[in-house]
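As structure tokens, here come the structures.
What follows is a pair of complexes built around chain A, which joins chain B in one and chain C in the other.
Now for the complex of A and B:
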């Protein structure tokens, strides 16, 4: 239909979303002494051994790969917090718990590159997996409930990765609903197909229906 | 009171026996027991209107016949909590209350039980009797959590501190013991403070905490009740009055204001504790052995030795405060307090046994109600409950500690002794855990004891640069270490004859093999070690300071003045702190510090080391740039400064920096403006090796008095920057004396000056706000650059303070005059040239100028250069800010630059001046000093011309 032919809706690949997430700030504890880095995105450092400082995730990962720092796990990535979030997610089927916008990507990057800095890493990994599954399931089941009268869906606390997954579909669906529902389209379609006057009437009647 | 309270028989007894009474939390039920009766009775008071004296219980009471022998003690838990009874049959049983359903046997003793007490939350039940040991039983899973042994006779009274820190117990000899609940230790043992009833088992000693927990009431030896302090166990005061014989039982009113006491003289007295005065009394036929205040309302339940009980309405006269008024605790607690007291009273003599169901054994799960409940709870709740209790204990303890820290330091420090030697940056040994021997900004030395020997590891924080050091096995048991880039030194104290004190040095990088060395000390013990550039120092128990070279050559042996406390080394400098004398009578220590330059064999600093009163030294060390600092147990960092002929400046206080009560700061080092420390969550006061501790940076803050400016932060910044600046200026001076290059330092000093100026400007602004004009002027004088001075003028102009504006202009002008005088070698021509610029307006504003124009007119040649030259240099400063300090610091260099610049600017300036000055003059016409403007106005257009002519 109309929405499907719209190619202007771009979809990020997971890697692209991750790339965006790499600009998030994270705290590291360097084990080297290094002067401040003056980068396009800002000045970071100076780095002193054992003194924590905040850097973008990409820099943290780069330093970590070279064994020059340890990454401090963000608060929300503690087993305690994640357990709470998971419970809350399970308890409220219609709401999403507040997590960092890029939680999927950040946790993925940290689990991949800094697993030795995360306490109880296996637990964290499985908790995040669970949370992700629960939330994706919620999104999916939410999509099922979208019906013909929906023009907008409010999804609070949805994360980047989740949005990215459903955005194209959702937007197209909503646009389609909107399109089919608006009298002009109906009119246009009708006028182009057959010029029967009754159809025009029907369109107008629809327009008058209270929403 | 002549009126006799009518008592009602509850328990049949032939001979006098100790009876107890407990009031339910809501006042609707009353439980009684008698030592000669196997039954526990629960009377329902709600059926008939309660409170009619003597007719307390209308309906027939619930009878609990579970004990085989007389019930000696009963106790009621917090709200809806269980009722516990202890008996001569050695068992403690639990019942639901007020229903009276049997819930189970709590514990068994080998001898009769004499006393029971629940804690405030109901999680712990204490039981004691003729057995040697008080059992603390967790009511959640009915396990014995602790047995407190210490009494030599039958324990007859128990009372939990309402704040849950302590348990107090009394035995029949009259000895009172305070137990600390968290550790189970005896805190205070007060011997023979209560009557000795060991020969007379019909009377049982008792004791009771006041509901607010601040004091403990104990029967005294002189027919009185004595109050003891909660924490110290010291006697506070006594209640002495009309009792003709010893007091045998008592009970606090729910609010702790009144105390009901009953004596062997068959009287019951009501006391106002605050006034220490008895306010009411009643005589009874028999000795009253049990008392209980009604938790809600003004009534007292009494029971006498014949098992007859009654309710005394309104024991406190209506004219006085109600005994429940101002109850600080929530309801259950209040109630609990009462019970506490009552149970304490409960005890007795046996009569006959012969009850049913003691067949029920603890192990068998068939005593249904309790087992069901308990089993269900056992899993998760057990932990929770315990944890809760422990947490509570913990938090109380912590609070108390912090209180101690703040308030009654004296009590704690009264016994202060001279502190032992310590190694800065080390942590105490912990069983099975790695500990720090030394932790510095550079790295750490850690040790883990394992089967008689230890593993010592050296780690550098900077893994990129520090050398990798293989871990080593240590057979000596090193406890002291010091570390720097080139090596580490380790030492152990002597442990008996076999294990002599040893000092070992490990270089990290050496071109020769086997360059490690060790020294052994006979009949001497290494106390502290320090390390510097190419030297190792150790101070020993013989007060010798031994200095070795890096290769192990014994270079110097000095005697230090007293027992050593700490030592620190950096570069060539070694600081040694020793005791100068015994503590002052107030408990303050007297420490002495000496700083040696090892390479030059000189002593650079010698004097007393200041400490906060009642504190001890916890850290001593050098910063990276070689400044000496000390940190004491009260959390104050002091840094040595050359100001005032060498003095210690307090630059940081934990009290101010602390964000939450739960944090302890373990210092690691400091630099010019910041303190590096590890934040430890209470109760830990030092970090553990794993996980790796992370440093926290805290800004210095002077202990400033709170001023009326309301700009504490800026004032602090001002102080600190000033301090830094003075340090750096001193350094520049020193370096210049050696003829070294000081450009980098200059730059640093300049940026500091700018920072300081910014700070001062902020202060001036806040001074203007709070109308402190004199202070503002003073601040303005402190400004370093003329540019900032102009900024200050802008500020005061904006805040509409013309007086200040004038003053500041004066200062600016003086400054300009001074500046013009100082660069004397500068040719007049040069200054004239540039004299042109926009500086004139402020000059003209100043009233000082009044005479200058005159002079100008009279002797133009001499004066002109002076006035003109200052604007000249000013122009330069505006153009190139660095020149201002440079001028002061390295004038020669700058002069040539100035000239060059001057030439370049000359033309442009001139052109500008021509246009600007006139317009500016026009603008200023309206200002306050308009009258004086006339002359300078004339002068200005003329002078530039003159100069330009000269130049060209």
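Now for the complex of A and C:
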């Protein structure tokens, strides 16, 4: 993949994931008047004071830093929604709740630069921390169950930053298991009484969530 | 039969050469990769040594460059030349064709295995410390580095006996508790070595044994490597083999990086924020 900082490990650095996350659209309320911006990624309409409009996150943060707008929090970042998500996460030990793909990065950027625009910012921050911890804990306990039979690991609803965190480890673990496994499958085919089921029987993927 | 040695350029270690301390005029033949690993050394004419000094300890600090005039009668046999463009990336470290330039591969092949010669060999007496003539008898048991034993085994000149790290005692240890077996200090190249040894030796149980060891050790130790504490090295890290350690490092470094990214620009502010007590209302 082209954007990586380290090809041999096939990981993105955290800053690179954040860079990709900054393309998400977000709503702002400008407090200045400005002409339309014609950028490569799209045209963002003439900015009129107090008229909300959608811009990419990087533009929103840039305008906010110059004091030219105020950012409107996305819907999923309200305290009620986050509390709901947190409770649901705690209840289901193997599923992940649907959250925006880049929720970690977006929340971090907003909490850093626009903390006065967010109602109850401390609650929001601690809720997001909790959600992140619970999800990562689930990922970890799922990691323990990888065995030699795993062909692929499917993690549904995992966010970009979390995926980036476990990616190098998990890829290498699967490769290590594969290295130890594959020659022996061929060898074992010779022996008459084979206790392990052969390739056909193996499940196609090991889900970390109930099927 | 005359032993035919290739000039294995890959193994040329160009390091400093000091004159032999015993001054016997017979230099010694050392294969050495780094100070951590066992070096195979042989001496010619062991009985003629003056002074009871054990030269083995000296060799640990010296390394010898293999000079051209001392190379063995080299009739180059035909071996397929290794691939000059080895596949790079993680996929390179497979059992069949590991990276030719891979350092850890080279180091791993320096491990000693005990072999039994099927044929007599002339001119290579220094492989056998106990011999008087400059040759090795048929049926002699010698310790050779793995790369040498591997090549000779392919030519059916020797047969490799299973080293102790895959023997019964190890199997019992692993069965008792795989996570406690100290691979880091005793056999850091346990898995790679086993993978390489496996096709050469007729024992088919090594493969499943390796897999079982790896699976149980993974479950106990490596699955916790993400949240291993960042400052203090957990105790189990010392017991990991090189391969396992790489996995551990991968997890830990990505965790460290994520944490650094999180507190970027914030300094100490993060800690106080998280210290706020959160009132949960569930309705």
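Heads up, the rule we're going with is that the second predicted complex is superposed on the first by the 174 of 211 C-alpha atoms of A that agree within 3 Å, B and C clash if a C-alpha of one lies under 4 Å from a C-alpha of the other, contacts with A are read in each partner's own complex, and residues count from 1 in each chain.
In this section, a contact is a pair of C-beta atoms (placed from the backbone, for glycine too) under 8 Å apart; a residue touches a chain by one contact, two chains touch by 3 or more.
Note that the coordinates shown come from a computational prediction; the quantities given were computed from them, not determined experimentally.
When the two complexes are overlaid on their common chain A, residue A:169 makes contact with chain C while staying clear of chain B. When the two complexes are superposed, the chain touching more residues of chain A, out of chain B and chain C, is C. Of the two partner chains placed by superposition, only chain C is touched by A:13; chain B is not. By the touch criterion defined above, A:100 lies against neither chain B nor chain C after alignment on the C-alpha atoms of chain A. Contact with chain B, but none with chain C, is seen for A:32 once the two complexes are overlaid on the shared chain.
Of the two partner chains placed around the shared chain by superposition, neither chain B nor chain C is touched by A:74. When the shared chain is aligned, no partner comes close enough to touch A:45: not chain B, not chain C. Chain A has no residue lying at the interface with chain B in one structure and with chain C in the other. By the touch criterion stated above, chain B contacts chain A in their complex at residues 441, 460-465, 676, 691-695, 697. Taken in their complex, chain A has these residues touching chain B: 29, 31-34, 49-52, 67-68, 70, 72, 119. Residue ranges of chain C in contact with chain A, taken from their complex: 88-91, 93-95, 191, 195, 198-199, 204, 207-208, 210-211, 214-215, 218-219, 222-227, 243, 246-247, 250-251, 253-255, 257-258, 260-262, 265-266, 273-274, 276, 278, 280, 282.
On the side of chain A, the complex with chain C involves touching residues 7-11, 13-15, 18, 83, 87, 108, 112, 122-123, 125-127, 129-130, 136, 140, 143-144, 146-148, 161, 164-169, 171-173, 175-177, 179-181, 183-184, 187, 191.
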